[in-house]
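Next up: some structures, all given as structure tokens.
Two complexes come next, and they have one chain in common, chain A, joined by chain B in the first and chain C in the second.
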Partner chain A sequence: MKGHTFWSDLKNYKVLLLMLLPAVAFFLLFAYIPMAGIVIAFKKYDYAGGIFGSAWNGLDNFRFFFESGDAWRVTRNTALYNIAFIAVNNILQIFAAIMLFEVGGKWFRKLTQSALFLPYFISWVVVGAIAYNLLNYDIGTVNAMLRGLGLEPVDIYNTPAYWPYILVLVAAWKSLGYGTVMYLAAITGIDTEMYEAAEIDGANIFQRIMKVTIPNLMPTVIILVLLAVGNIFRGDFGMFYNMIGNNGLLFSATDVIDTFVFRSLITSNDIGMSAAAGVFQSVLGFATIMTVNYAVRKYDKDRALF
Partner chain B sequence: MLKRNRMMLLALVLTFVMILSACGGNNNANAPAEPTNSASEAGGNSTDTGTATDPAASGTIDTSKEVKLKMIFVGPKPVDYDSVFAEINKVLKEKINATIEGEFLDWSDWAQKYPLKLAANEDFDLIYSANWAGYNDQALKGGFLELTDELLNKYMPETMKAMPQVSWDQAKVNGKLYMVPQNRGESVEKLILYREDLRKKYNLPEINSPETYATYLKTIAEKEKGVAPFTPETGDWKYHNLDRVLLKQQNEWNMFDLDLPFAFKLDDPTGKVFNVYETQEFKDLLVYYKDLADNNAWSKNVLNSKNDHQADFKAGKTASITHNNGTLGALMALMRQENSPYEVALADINQGKKKSIAISTQNGTSIHATSKNVERSLMMIDLMQNDKQLHDLIMYGINGVHYEPVGDDKYKALEKNPNYTGFSNWNFNSPLNRDNEAFPQEASDLVNSWEASVYHYDLETFVFDNSKVKTEIANVGNVMLRYAIPLEYGVIEDIDKGLAELNKQLKSAGLDKIQTELQAQIDAFLANK
Partner chain C sequence: MKQLDRKIFSAIGYVSLILLAVLCIFPFILVVSSSLTEETKIVTDGYQFIPTAFSTEAYSILFKYPQEMINAYLVTIGVTATGTLLGLFLTSMTAYALSRKDFKWRNKFSFFFFFTTLFSGGLVPWYLLIVNYLDMKDTPMALIVPMVLNVFYIIVMKSFMSSIPEAIVESAKIDGAGDFRIYVRLILPLSKPALATIGLFLALAYWNDWYNALLFISNENLMPLQYYLYKMLGNMDGMRKAMMGAGAVVTTAIPTESLKMAMTVVATGPILLAYPFVQRYFVQGLTIGAVKG
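Now for the complex of A and B:
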């Protein structure tokens, strides 16, 4: 076999690379080129000057965030929530994918897959409304059931302690289908010869999962986790805002950088200040992904992202 | 090795496809809907009021070149936009050789889109502007064109004649004008709309004070199961929904900005501002609210409720709401028109207190800083406010389809009326406005009875330039939402502790710095009077 030269790779993988092309174009257009706009974070934006013509104002735009006294709290919340989401979601998704793969019956598999996928399409606004109708104190389904059983109703919306669990649960429910399909695709891509060989060697179903499926799934898992880690300092605004809204009582447990910045700047609409918050998140995200990638490289060179 | 690489590649491709699809979906959702204007479409019957006053325009100003104006409104695009605007354009074309195309920012996301239209310097000529839509802020950022006396005199002769000077003064930001304000006083004071049938059912005293209102709320909570006694308006409010009634009006204060905890006494000639949260009045009010909350006067989870208070009231799910006279009167008119089973009534629970009317910047029109058709835009506003035919068209739609004129100053809403309403044409309010004849008499009477109590004060025209304390304002607003709102809705058990915490947090958010800046600007403003 010939060595891996650029041209031979290009030829061999041309279909895959063609599939990659739109994504590359997308990122070039919407991620790399606009990156020049980062200068807004250091400027006093005015309409006449625009992005590049406005006057510089140093680190002024960053002040509101760090002087608020909440910077540490919201940054910590964001990171912890995302770590919890990544861990819980991936474990559940892998579990569901393996289950679906092992359970025969095309019909059953398709049906379950679709059912799992459904929540992914529900907008957070709707999820927020559903949650309110389930959980609110006066007429919520949960409390109506508790009352029916003669128990004390729980004032969920005024008790911050419940919310980390509720949010992790809702996030898992919503993303389960999507991740499962991704992992299912990866499992389907595993060479069937390996399963045949395992069967001939007398492996039972658990051994097959542990020794064949999971190890072969690891590259996908690592890539997905690494990519997710890069966004660890970005809170899912749609989720937090629609679930919590402006209920100040819950902020101590549920405030993430994005909701905090949104609330701070919703009235002043200052582009420079919101850009500054974005830069802060990006810098942290960049540092995290470099660190994690470095750690993965140390452990196994081939599995690192770059 | 090779196999693993291939797996990697597959995984990568999959990942990118996923990201791409996710982002792609998002982008589509955010893409602004571009309304297209089919001005050529001839709309129904033409209007019959031919009493148009010909503006000085045609004689002295060259309008030989046809221009297309684009204006941004807030609120959803009316169903009958095409037919009404076709009619408007016919008249406009004849009078000033221009046509207008509207773009509409829906209520659901106008607050995000509005500043972006200006920040991105999109191509448009006019934009609806208002103090509650960030007029001062956008003007200071350079989004609007400064309107000089020369421009106004030349292109808006009718408006110059009709508009009182005080309205112009109120619209000035740092001495410069960026808006043609509405030309009609409007009460901003909030009222209570409640269920008169329930009040009678339980034999309660007339609602005319905070105490009688509290009695009403508590009785409903206790006896009328399934009806929320009070439902607040949803939104990013930083005060209790009743504060404008119970804090501001009751104490005869005013607040410049409902995003800051500063007020001044209406009759204080020195215009001294103070932190409302540190006053005894606020503390007393907290006790009042806490008592109501403990008696279930509003839902325990009211902070998370997204219910539309007006819809709830109409459906009989809530027994009282608060809003301004115009909105509540319109709701009453609608309920009566639809033969609602509920008897409703308005209550003023601060009788005899000083009332202020909306400053002119409540609604207005601004010219985009980079508009290429400034002259024609101003002429258009001039016509919309002062030409009876165009004014009727833009405000009420097509005669015989959406409304029917009743005399000179009233109209009757026809069946199609809902197809041309709900967006911000209020900037064209003027003495030519017609009132809905179905508007409840008691609502009009109430407002008329306020005439005597309308109070004009020196600071009416003061505008706070907040550019030096933006950081502090952002943080103070955040603290208000987080600490003051739960306190006001009575979900915090210990009022004293909650209040102390609120004030402590405000201090560290930089409240004092804003106060100093605000006071300095007020002092300078009053010294110049």
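Now for the complex of A and C:
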């Protein structure tokens, strides 16, 4: 009987299933088959054998990855950068959204929002070019200004210590508009009656923001932050690669898992270790997302991912 | 008292927003102005916000040998157009099937797609698959196919289509329309706002893509614009270093610094020109996402 309904369902859904077929084939090919390809991480890859024909070598690839000392460095960098990005980006975005909501007329709001959103639209390659423009030792604007003030120029591209600050600034710059628009939408959704009530109670604007806007914004903030925390072990390859490239002098402060995996694969062609680092990242990421989703479920069941 | 609070607040608001807006736009002005500054001035005084010595030399050199740039442009336009259209078609068709409430297996399929955002095999197996098994290296396919479908776009499109009243589908079914026909004739025209938003997100991603080219393209004729720019920025640096290493005085024969900036301007130009017109669709898309959660 069960089999019968299955076949009749199949017939009913024939067209819908055909419509899903390209997407199913796509994700099977580009997502699920590569998941099976994780076995490379446990093999000594050779080109003749390919993914499934190469000889097993147990946990050797992982051992190399962890014993090289790179594992700890790139994992720490990835997590710390993401934590800094989450904190700085969200605070700036919420600040800009509240200000945009409270201050100015329609035109001011529109123009400012357009300006803030602009960096979102350009590629990381262009951002890299702009950064070079500003930070370059010989002709960068920052050093030109320092020289103009009679100060010593700084060799930024040779000094790892500056980079955490630079990268946090660049990330904030690129994502400011995007986040501001999201938070602005959430603020616009707050019930205006609450503002009116605050007004009647004689609250000034600072009190209104602290007592009405921010508490009402909190659910959105918590969800967005938690979701971002779920991706804490995913580095933004485009940003790190275009800002630092192959400048090994800076790696101690700037290398993240994604750039490490890329270099091991393309530059040093160490396929086994690169795959091992990738698997390590995927597993860590999966565990984090599951934990975070559990937290979101506890907080607000409707906003959980699954 | 209340008036004063308001005034202080407004002052803080205006000043900080204007400051942030200026910080967001400043780098763009720097690039444009550097591209229009005489090379010797850049070398002695650094990049400048206002050209102290105006020159269009960089652009005239760039347009004297434009073949490579034009070729990169054509690759990017072709990839962006094909990828966006194909992506929109596949995304909307998939989303439509998933949005049909009478489709019993829709949650199972949704999870099949969604799971790929939670766990992945990592870069290496994906890369080897495309290069060694699908033989896509140095083909336009490598620039189009990997980005054509994105789970988040499917989800946004699906939630938009779910808001279309079911009665429309019901009555079309009674009239004897098939599922595909309903999708093409009824759902697509009603989904125009979502199609515009997702289409622009796709187009932006394709236009700005350099990552797939970095991984899969070594044939110069297939280099898209952003990757060409990336290559040029690196190459000229290398050239300059090599010249200095050989003990040569940095010549101004090739104005490398202003040329870099001119290239950046030409590669970013279309986005900056389209920006005022398309911005609201992006805002719309984000707002839908924020409200739906």
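Definition applied: the second predicted complex is superposed on the first by the 207 of 306 C-alpha atoms of A that agree within 3 Å, B and C clash if a C-alpha of one lies under 4 Å from a C-alpha of the other, contacts with A are read in each partner's own complex, and residues count from 1 in each chain.
Heads up, the rule we're going with is that contacts are C-beta pairs under 8 Å (C-beta built on N, C-alpha and C of every residue); 3 or more make two chains touch, one makes a residue touch a chain.
Note that the structure is predicted; figures quoted are calculated from it, not measured.
Of the two partner chains, both chain B and chain C are touched by A:Phe26.
In the superposed model, A:Asp302 lies in contact with both chain B and chain C. When both complexes are overlaid on chain A, the residue A:Leu227 reaches chain B alone and has no touch with chain C. When the two structures are aligned on the shared chain, A:Ala186 is found in touch with chain B and with chain C.
Of the two partner chains, chain C is the only one that A:Asn204 touches; chain B does not reach it. More residues of chain A lie in contact with C than with the other chain of the pair chain B and chain C.
In the overlay built on the shared chain, the residue A:Thr288 is in contact with neither chain B nor chain C. When the two complexes are overlaid on their common chain A, residue A:Asn57 makes contact with neither chain B nor chain C.
By the touch criterion defined above, A:Asn133 lies against chain C but remains apart from chain B after alignment on the C-alpha atoms of chain A.
Residues 13, 16, 19-20, 22-23, 26, 30, 47, 50, 128-129, 132, 136, 138, 140, 178, 182, 185-186, 189, 220, 223, 245, 265-266, 271, 302 of chain A touch chain B in one complex and chain C in the other.
Residues 3-4, 7-20, 23-24, 111, 115, 118-119, 121, 134, 137, 141-143, 236, 259, 299-301, 303-306, 369, 466, 470-475, 477-478, 481-486, 491-492, 505, 508-510 of chain B are the ones touching chain A in the complex. Here chain A touches chain B in the complex through residues 13, 16, 19-20, 22-23, 26, 30, 45-48, 50, 60, 63-64, 67-70, 128-129, 132, 136-138, 140, 155, 157-158, 178, 182, 185-186, 189, 191, 216, 219-220, 223-224, 227, 244-249, 251, 260, 263-271, 273, 302, going by the rule given at the top. By the touch criterion given at the top, residues 9, 13, 15-20, 22-24, 26-27, 29-38, 40-41, 47, 50-51, 92, 95-96, 99-100, 102-104, 111-126, 128-130, 132-134, 136, 138-141, 143-144, 147, 173, 176-178, 181-182, 185-186, 189, 204-206, 220, 223, 237-238, 242, 245, 258, 261-262, 265-266, 271, 274-275, 277-279, 281-282, 285-286, 289-290, 302-303, 305-306 of chain A touch chain C in their complex. Taken in their complex, chain C has these residues touching chain A: 1-2, 5-6, 9-10, 12-14, 16-18, 20-25, 27-28, 30-31, 34, 42-43, 45-49, 90, 93-94, 96-98, 100, 103-105, 109, 111-114, 116, 118-129, 132-133, 145-146, 148-149, 154, 178-180, 183, 204, 207-211, 215, 226-227, 229-230, 233-234, 257, 260-261, 264, 267-268, 271-272, 275-276, 279, 282-283, 286-287, 289-291, 293.
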